[in-house]
Every structure is written in C-alpha cells, then in structure tokens.
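Both complexes below contain subunit A, partnered by subunit B and then by subunit C.
So, the complex of A and B:
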C-alpha cells in the first residue's frame, strides 16, 4: 500500500500565477442629495457660476461659496439666493416666503 | 468677457440642445449670446397648428434675476400679443423666477398660444373675438398661420 502512488500526499498543483501587488481603488460620493442650484444650474456642492468666474477663495484657500436651505427645504447657493431675495423675498421654486433654515456645505 | 449671465445662457443653450422640448427651438445669434432667435411651432389641435412663429429674446447682464424681453417677429393674432409682437405673460413680468431658462420661457409661450387669457388683453379685438365669436377668431388666427410661412 505504501508503494501506491495514489495514496501519497498529492503534489502541490503548479501555480497558475502569483499575486505580487494589489492596488485597491475606492469610489465615494457624498451621502446627501446633490441638488443643482436652480438659479445658476451648477451643483450646490460646487461653487456658483459667479464665484467660479471670480475664483473666490477664503483665507484658507477654500472655495467659500456656501449652500443655503430654506424652510421649504429648497437649496441654492447663498450667493445666488442673496441676489434674488433683494428683489423678491420668495423661494424661486415654490414661491413661499423665503426664510433660511440653515447654511453651510 | 464671460459674465455670470453669459455663462448661464451657455448652460441654457446646452440644456436646450440635450433635452429639446417639442415644438420649440432657439439659439443665440452668431456674434452675441445675449440675443437669441427662436421658433415656436403652433400647438396641435389649436387654430395655431402648423404655424412657424419666429421670436427674438434679449437678455441683460441681470439675467436670470431679471427676465429677458421676448417679442414675436412673426405677426401673431392672439389676445395676449401686442401689435408690435410684445407678449403679455405674467412669468415674463411680475411672476418671473430666476429658475426659468430659455426652454421654460419658450414652452410657456407655446402654451399661451393654446390657452389665451382674454381677461388681460394686449389685443382687444382678438380677446373679444375669442370670447364672442370663436369662428371668426380662428379664421383670423389661420390667416396669421399662413402669413408665418412667408415671413
């Protein structure tokens, strides 16, 4: 029996390939609704058209174009909205009286 | 120089090309993005059907915070269109919103053709005929449809 070659420990199968390096790639996106500002038509998470043209930055070198949410839950660039409310203090999307719920990024 | 108004108009043009609404078309003039030419095709099942009505749209640097001036170049017999082609439409005046773009403006004018508002007339003859003598109104509209092919 000991001579039976079939009963011996099977030989390691020949390696097809060796993994020498493995580069991981991750994709991510904001876990928020990425709305488009209905006034300038640029995503609210990016700078508005006006700030893009002026290439505005704050002291830290960050773009300081923030987002503003109304009580009606509609969001716009603060820059775009502050120009509009000067002539009509209503949400341009639902015509409700405009009042700021929060501001930020 | 590219101003915010001009950049917004570039976006309007892109949207108009990528997602063209049925029955309207428009484009900036060759050398000035602030002046556009547009065409509205008369809506089906209305006396305006088959008409090709040309318009000009003039924007200012305050766009989109201020509406553009929109005017028919073709003769249009309609209760809310003035003799000089000016259009009486609330969203182009006191009900303007900076969220409107060229596509929205043109489709609103197109629906104004189907649904005139005879209670705020810009053309009192058209308003009166629309209310009191629909057959004559449609005859006068058909005449301007024919005219729209030539001019």
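So, the complex of A and C:
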C-alpha cells in the first residue's frame, strides 16, 4: 500500500520530523441554531421524548430520531414534526408554511 | 432374666409362656379324646369332650367342669368314654336321614368342693406367696398353685383372694421399707441406693412370679371390675404408697441420685446402670416428676448458674462455647442413658438458659467481634449452632453481626488515607462475610439481609467517594496491561464489583466517573477486552435499566461507526486525493452528549493536519448532512518519524507534542515565545508539552538553560544526538494535576445534574399536589430522589424555583407552597 509508512521513501529525507499517522477525535452535533426541539423540549442531540419513552434508541441506533430543518431554518425532531404537521402544517415557531429544507442523516 | 425384661411386666409372650407351662397337662388329656370326635360331631362332641376329660382327671378338677355342665342343661350325658364312642359308631353306621339325637343330661348331683377347700387353698397360696417374697423355695408346684387360683376364682372367692393377696403384698412392702429405714441412717448413700435398687428389682421379680400364679384372677376378676388394679399395678401402687409416704427413704434415694449425677457432672465415673435402674423405678412408680424431676432440674440450674458465671470470667469466648457444647452433649448423653425422655425438654432448656441465654449479651459483646475479625469459622459455626437453640439467640447474633460490619466497614470507607485500597478491602471484606454467612450461619436469610443492609449503610456513610473509587477500580480492571487475569477471573471480579455497586446510593457519581474512564479507554484503545466491556455494560443495564446505560452504549456504537467511516474514507481518499497518501489518518467521530464534555481549545495547525482534516470534513458531511464537526485537539495522538544522527526513530506523541516537534523542521532552535506564537497552544498546556519533550525520559529536544521548569525566554534545540535502544518510543504527556481538578469537575457535573433532577422532582410533586407544606414536600422528595441530598440543598432549589415562578409561598402560611401553573 502506498501509504504504508515502512515501504514509502520519505519525500524530503532531510526533514527531521515527518507526520506518519494521526489518530484524531472530533465531536459531531446537529448544525442547528437552537439545540432544543421546541415541540418536545428535549435537546435535539437526544432522541425525542417519545422515542426515549419507547427506548427505540437501544434497538435501532439514533437514525430513527433525526433532525429536520424547515425552509424557515427552524429545526425539530423529525418524529415530533411529523406528528405536528398532521394538525397544523405550519412551523410552530414562526407560523410559516412548513416545508422541509433538509433532513439529518 | 435380664434387667430389661424385668421392666416389661406386661409383655404378653412372657405371660403366655407361664400360662402354657401350667396348663400344658390339661391340654394333653383333652386332645386324646377330642381327636376322635371333634371334627364330625360338632356341638355334641364338644359336650362329650368335656365330659370325657371330666371323667378322666382327678377329683380336684371336677368342680371346674361341673360348671360347664351346668350351662348345658339339656344335654343328656353318656357316662363313659366307650359308651360315647359306641354311640358315635352307631351314628356313623346308620343311613343318612335316619338321624338320632344325642341327648346329654345333667349330673344327677351337683359337684361340690370339699368343705375346707377354700381355707386350705388360702393357706397354700399364702405360704407360696410368702415363700416367693422371701425368695425361698415353694413347696407346691406352680401348676398346682395356678389351678388353685383358677378354682378359687371359679367359685367366686376371687374378691377375698384378691384382698388377701393385697394384704400379703402390703405387709411385705412395709416390712421391707422398715428395714431400709432402720439401716438407712447409717449407710453410705451409694450403698443405700444399691440396696434400694436390689430391693426394687427383687420386688419386681416377685410380683411377676406372683402374677403368673394369679394370672387367672388377673384375667377374669380384675378385668371384670374396672375399679381394681391388676396385680402388677396393685403391687406398684402399694410400693409407691409406702415408698412415697416414707419421706426418709424417698428423700435419701432422690438425694443419693442427685449426688451421683453431680459426681458424674464433675467428671467422675459412676454406675450408670444403677442410676438408670433407679430412675426407671421412679418412673414406674409414677413419682418421677413429683419427687425427682423438679429437684433434679433445680440442682442442674444451680450447678450451671454457678459454673457459667465462673467460666465466663475464666475463659475466652471460644473456649466457653466449646465448654457449653461439651456440657450439652453430656446432658444429652445423660438423657439417653438413664433419664426419662420426658425430662429432655426442661433439662436441655434449663441448661441452655443458664449457660447461654443468661450470658447472651456478654458472649456476643465479648467474643463476636474477635471471632469475625480472626475469621474463626469453626467457632462461629459453633456459636451459631448454640445460639440458635436459645430464644432470641439468632436475632441477637444477627444484630451484633450487623453492628460489627457497620463498625468495621466504616473504618474501611471513612479514612481518606485508605482510599487507594478501599475497593479491594471492601471486596475482601464482603467475601469474608459472605463465607461466614454461608458456612457458619447456614445461609440464614436473616443474616444475608442483615449483611446487605449493613453494607449499604456504611458504604454510604461517606458520600460520593466510594462510588468514584469503585468506578476507578473497574477502570483499572478493564484497562489493558492488567495482565495475569483471565476473562473468567475478570468476569468474577466484575460480578463482585456489581454487588458493591448495588449498595451505592449516588449511582450518578459512579456513572460520571465510569463514563470518563470508559471514554479514555475507548479513545486510546486501551480497553483490555471488548467482551468484558460489553459484559460490564450489560451488568449495569440489568442493575439500573436502559436509561442508565444508553449513553454508554452510544459510546460503543460511535466507536464502531467510526471504524466503518474510516474504512470508507480511506477508499475515498485513495481514489480521489493524493494529499493524504503519506498520512495514515483515522478519526473517531463521537456523538456530542454521549461522551464526557471536554473543554474546546483552538490551536494553529500546519497544513499537514489541516488538509486531511478538511478532506475528511467534506467527505463526512456529504454522507451525513445537517451535522457539524468539532475537532478536539486535546484528544488523539500522532506517530512521527524522526531522523537523528544515530538513525531513524518512530515517536508516539500527542497532537500538541507533534505540533511542537514539527516546528523544528524549519528551524533547529526556537524560543518559548516563538513556539507559543506558532502553535497558539494554551500557555500551561504548552509548558507541560515542552517539559515532556525536553525534560522527560526521552529528550528529543534540549532546553537552555537547563532545569525542570519551563520559563519564559527559554531556548529549545533539536537534539540530534538523541539515542534510545528502542525504535518506537512513546513520549508520555505530563498530566496536569488532573486527578484533583478533573475529579472536582466531574463531581461538579454530577451535582449540576442532580440539581436538575431535584428541580424536576419538586415541580412534579407540586404539580400533582398543588399545595403542600414544606415538611411534606421534603419527605416526598427524599422518597423520590435516588441519590443522597442534604435538606439545605433542597431548600436552595425550592428558593430557586420560587424565584423562577414555578411555585410560590402561601400568603397566609409561610410554610406552605402553592404550585404556579
């Protein structure tokens, strides 16, 4: 393999230190403006209240309870929002017509 | 005859033997005639048989059968045997249907006894009885005597005969008891006892003999009159009356017995046969309970009361217990050998009471702690065995056991200097106590529960620390490098840890520390075994439910997902980009919220780092839209290839160390300020990093001036003379005094979380109750909250909620709160 450190010839042999491997750590979170879902009042990083109660997270991983962004850029749990729109197809925060801009993956 | 047989006077086989001997001759005669006629002739033959024997036996017996004859009034008698046989022949010869009746007639004259028969017989029987009583030979044959009794009875002289016999017996008893009394005064107790025993035994023998002779009377006259005693009972009765009435003899006998028993208790050997025989005598006379048992128990009580008081002072508790055990065994043996079994309960009860129950508290207070301390299993088993026999014994023992655990456990837990060994000590202590409960206390449920309760009590005597140390202990066990333990052993240790964990009230503290350590293990890849980690997780889940572990599980899941993403990324980078060819990049992508929080830091990174990072960022966000990544430079590590004069080395370093070292590629000498400006690592952190590189074990750069601490203006040079026998060198980071500060931070976080929980609980309760007094609210809170809290903390939270308008004080009653919707 080309990036195997033992086989590769250093490009600049006079260099005293060459970076060979980097194990790094990063955190991810949803790219949201408000980190609490306005519908269930739970942080969007956590599963929504309903999913927590059903303990879905244990079985399916958190893919189930993703975040959804509207055109208004407000974000909610997808689970919460899909229930909300059945009653009222407006954003609970700004009352704009609700249409999904993007969905978390 | 053996002693045993003598004491079974009612034994039927023996009776039968006697009877048979006497009546054997009767039967012989009868059989001869009966053989001929019995089967065919039925009723008439029966009559004939009687007549026949009546005719052929001696005169004395006649009256006996004349009675029978009288009963069959209608039978016409044939006078001789031959006559009868002839007739029978005739019946046989005649044709069927031609039946002739046999008619048996009564005697013409009723047979009578000789005139002086009853007087003579009385005399004869009296002589015989007296002879028996004096153990002299009897003039008459036993058969003759028996027949005499039968005849007397048949002629309704049984009542007089019985009275006569009773009188004779009574005289005999009186005579004897007088002798004993006379001689008793001067006799040694033992000799007296032996005499009485002898007298009693011979009396029994005599009564058996007499009864055999008077058997017929016993079976007719006595049976028909329910108010009179059988001959045997009559004998006993008389014996009893005179023995019991005669206080001197009775008292001396009982005293003698007690002296003998006391001697035996003091260890001398005594004649148990004699004791047994005399005790049986008392039983048979039915004066055992009244005259003996009570005194015996009294004596026992006194003896053991004095003894236990003395021994308690003289002996250590284990020795005392051995002694008690020995005593009980002795008493049981005594019961087995000579005492009446009815005494068993009161005797053993009394001994136990005097030896144990009275000293229960002293025994436990004086001895239990040291027994437990020294793990003296056998003595503890004995203690349990003995105490379970007395009232309240086990509960007292249990209480003291509980007290010991609490006291001892507290010393383990409370001392901060013993923190290092606390968990191991606790585990050992628990093991020890478990073994004691299992082996010594018969796995008694009361003790198991008490053990549990005591552990729970003392472990929570010191808030938070035990939980933290248990978490640390688990970390130590699960971290790799903990060699020498197999998976099974580890599993066992974890199980034991879980037992301790169960006792802890502040489980959130444990969780916080456990999480922190787990994060470290996962990120540095230091976990000893994934299976053990998973097993620990499932144990926690079982114990505290899915809510407790869901975040911990999330951490494992993150690690798995990261692995997949890295594989995908490597494929992606190979096909699209050359920048990362020489860098082996692996990223751990962690879900914010699952992991412990780390303070975000910003550093300046050279393009070697920035480029691959950006490529990865792009790659990742394409896959997962809507997310953002936050890089954590404090975590993670690098491998650098270094060229020294002595040859190349591989250095395992932290990101900060790598950033510093890479600066020397462009310039071999750098000042502290230059490095600080180039990397913008936080000041303290940078000093520690430089220290690790220039003052640690592997000094890849040199510092001028030399010294342990990094000062402003220090100069750093690349150390090209660096040598090390290893090719791959790990340069350790110098840890911030993290233990204390980080610990504080973790604790702080736990308390923060608790505050929210308290708030939530208060609001929950108030929402339900609407109005509630302060005290009731506090009580409810204590019930709901799973971690230890101080009332003062609760008050603060209530104040805070009032400030935030979740609730208010009642206007009229300051101690009452109202919920504000």
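Quick note on the criterion: the second predicted complex is superposed on the first by the 63 of 105 C-alpha atoms of A that agree within 3 Å, B and C clash if a C-alpha of one lies under 4 Å from a C-alpha of the other, contacts with A are read in each partner's own complex, and residues count from 1 in each chain.
The rule we apply is simple: contacts are C-beta pairs under 8 Å (C-beta built on N, C-alpha and C of every residue); 3 or more make two chains touch, one makes a residue touch a chain.
The shown structure was predicted, so the numbers you read here are calculated from the model rather than taken from an experiment.
*Asks:* In the overlaid three-chain picture, which partner chain does A:93 touch, first (subunit B) or second (subunit C), both, or neither?
*Replies:* first
*Asks:* Check the contacts made with subunit A and report whether subunit B or subunit C touches more of its residues.
*Replies:* Counted on subunit A, the partner with more touching residues turns out to be C.
*Asks:* In the overlaid three-chain picture, which partner chain does A:17 touch, first (subunit B) or second (subunit C), both, or neither?
*Replies:* Second partner only.
*Asks:* Go through the superposed model and pick first if A:104 touches only subunit B, second if only subunit C, both, or neither.
*Replies:* second
*Asks:* Which holds for A:49: it touches subunit B only (first), subunit C only (second), both, or neither?
*Replies:* First partner only.
*Asks:* Is there a shared patch on subunit A that both subunit B and subunit C touch, and which residues make it up?
*Replies:* Common to the two interfaces on subunit A: nothing.
*Asks:* In their shared complex, at which residues does subunit B touch subunit A?
*Replies:* 2-4, 7-8, 11-12, 15, 64-65, 97-99, 101
*Asks:* Which residues of subunit C touch subunit A once you look at their complex with the stated criterion?
*Replies:* 523, 546, 550, 553-554, 557, 574, 580-593, 595, 608-609, 612-613, 620, 623-633, 635-643, 650-651, 655, 658, 661-662, 664-665, 668, 718, 720
*Asks:* Using the touch definition up top, name the residues of subunit A that touch subunit B in the complex.
*Replies:* 38-41, 49-50, 52-53, 80, 83-84, 87, 92-93, 95
*Asks:* For the complex, give me every residue of subunit A touching subunit C.
*Replies:* 2-3, 5, 8, 10-11, 13-31, 43, 45-46, 55, 57-58, 61-62, 66-67, 69, 102-105
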